[in-house]
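Notes for the one structure printed next.
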């Protein structure tokens, strides 16, 4: 049943270019797709480990810059008279490096920031993203600062028997994004249904108990952070090679918030949640643009985020699933949820 | 040396307003356990109130300041009553996300109403700065420092000498017990949020005329406030004051001796460093257990 | 020096101070392989503190704990779990939003270690490991007698049933020693009776057991040996019959409820 819906969805998405010719809508779909990949990666942390990372755009941006710089080449001076000169490499190498570097950053950030929880964790992650933004803004020799990196080449892929194919058109990019999105979905799905995914869930639900059954908190969370950051880096790379220009504004906090809204609206901790939420918030601007000023749109988004949290705190997909699934026993929250800290600290 | 002295003077002026921002946030964070993402927008709001009252209503500059504080108080109370009270008992992530939603909506509202063009407030102070030997400081900045110092003292007295302050401290210690002892926790929450918000508005009203006023000015202010709170330790007012001055010093030195582009990175770097090396803040009391 | 081989757990000169408060002072006791030992004492005597020290959730101010000759000081809870010590919790014994069955799959974490790539690609080794885990989870559900509840959310179970899930979770780690923190509080008489049978059954499979419990009849009927704590200090130690008649114990603890025991 579930996989039937998934296959139908993929087929439906794949058929879109057959009947949709409007370049503006195609463009909106491609950027939406890229952001959905980002939102799926955020959901891995937010929905499956319960860690509210609000610096997620950093990994997306790092992926974008790494990929762009790999394919453009650069020549920067370093302290003590060192110099790095890099000649342009094919964009596809940039794509791979984007995943690797973003994943590595995810590892470092995870290692440092998982030592704190709750509000502190949120603030560390925001700070990390802002520091990266300021570096991108001020390290002009490498990043061109506010002048942006321009003329980023499109991705070229080698097809067996067909030679090299450079993805310049919207149609080609659409299928590239769709393919990466499907792979991402499958990867996250496999992960959360595996042994590792259960460890993440266990940590989210009851950390004390999870630890006592032998789950290594740091290792589990760091693993989730690495994979999540790597996927975000891949999305950033796709973005850079599609838009072909990036500036430090890619790191703006508002972009993280967009992904958070997508995840929360669709339903955190649900695989399809970010896809549903992402389609809504990715395409809403297309329909709102003729009738609302951009500021008014953002007021509406803020309002929707608040409204969803008040009315449908679980998000759209889980709420629908609950409606259509056969009725399960209600959870009585009295017994178990919130006492784990006390259990440890209280000394009889 | 004189350059360093000048940095110290600037640090004092900035530090005073940073302390106000920090006290406001640390009260809300400490007592209500709410990560207040609207703190920055209250700062922006205070600055715009200043602009409106002085330029559009033509009221005296010195009267505008208490009006900005009062407006911040009202807006803070309104946010608490409409958004936070219905969510009492929700987890911290939910309230945090709701506050992010409110922040986006309000900031976009400010942009819509007042436009993106930066505005400046004319002040009654003379242009020529006060020159003291090798250093100089403008009269406006001196006024800002004095007003901030006064507000810090007032807040201190409010928390430590009044009945409301006593109830706030009790709620901070233990909400359940406070409520058993007859403290009206709902009232304390609304008051706390209103007071914290009015302090943010005061900081904006004071620093707005020093720089320029624009809708996103509060974003960095909010981050700075978080840095200060984390430096000083959760709910620690004295810590917030000291944290405000430390952050101001770090920014002045960072801008003066590293690169002005990284001035605003100082707050973030402090946050990251403190949370990594001493997550309870620099001035945390020894940990309570059990 | 005592001969070591028969000793499973050794607690030596352990003290825990919280600020000025002394929760435990100079605690010494041992648990032999295959024994059922109970730790009892009035409220505030330091039982749960002792428990948290042994399982690595709390670092002692002084003293040492070792299990089968390995020092536990400074080890993280999951590392202690790796050594074969598993515990249950007083209040939070389950993952509330998962079914009982899925709870046990989480609990089987230590048995299911395959590498990430195998898990994501669904390679044969990962799949056979997964199959083994599922079988094992079913066995555990059966062992504690919750077959009928296997598909219900753990958070929806009764208090006593949640305790059983907690025990099953601890057993999932295939421990050589099990630490039970007030397992029968909140259970009714028949549930307690069944639980005692379960504890004996667990011991008969070669698992050493350390129990913290208030329920005196339960403690007296199940324990091989009892350690009595009061004000953070051990005041008596011995088999149930001796403890029952120890004047210091009656004075300090059973004084209030001795008639029941």
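Just so it is clear, A, B and C label the chains in written order, and each chain counts residues from 1 on its own.
Following the convention adopted for this analysis, a residue touches a chain if its C-beta (ideal position, glycine included) is under 8 Å from a C-beta of that chain, and two chains touch if they have at least 3 such contacts.
Computed from a predicted model, the values in this text were never measured in an experiment.
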Statement: Most remote chain w.r.t. Chain B, using mean C-alpha positions, is C
- line: Maximum number of contact pairs occurs between chains A-C
Task: Would you kindly tell me how far, in whole Å, the mean C-alpha position of chain C lies from that of chain B?
output: 49
- line: The distance between the C-alpha centres of chain A and chain B, rounded to whole Å, is 32
Field: Geometric centre distance via CA averages, chain C-chain A, whole Å
entry: 41
Per-residue overlap in chain B, given as positions that touch at least 2 other chains: 289-290
- request: Would you give the residues of chain A that are in contact with at least 2 other chains, written as numbers and ranges?
  value: 346-347
Statement: Two or more other chains are touched by the chain C residues 18
- line: In the complex, the residues of chain A that touch chain B are 52, 112-113, 115-116, 118-120, 122-124, 126-128, 130-131, 134-135, 137-138, 253-254, 257, 260, 264, 293, 295-299, 301-306, 309-310, 313, 345-347
Message: Per the contact definition, I'd like the list of chain A residues that touch chain C in the complex.
response: 187, 190-191, 194-196, 198-199, 201-202, 205-206, 208-217, 223, 328-333, 335-337, 339-340, 342-344, 346-348
Field: Of all residues in chain C, those that touch chain A in their complex
entry: 16, 18, 23, 43-49, 52, 55, 57-58, 76-78, 81-82, 86-87, 89-98, 102, 105-107, 109-110, 112-114, 116, 119-122, 126, 129-130, 133, 152-156, 159, 162, 166, 169-170, 172-173, 212
Field: chain B residues within the chain A interface of the complex
entry: 29, 33, 35, 83, 86-87, 92-94, 96-98, 100-109, 111-112, 219, 223, 226-227, 230, 259, 261-262, 264-265, 267-269, 271-272, 275-276, 279, 289-290
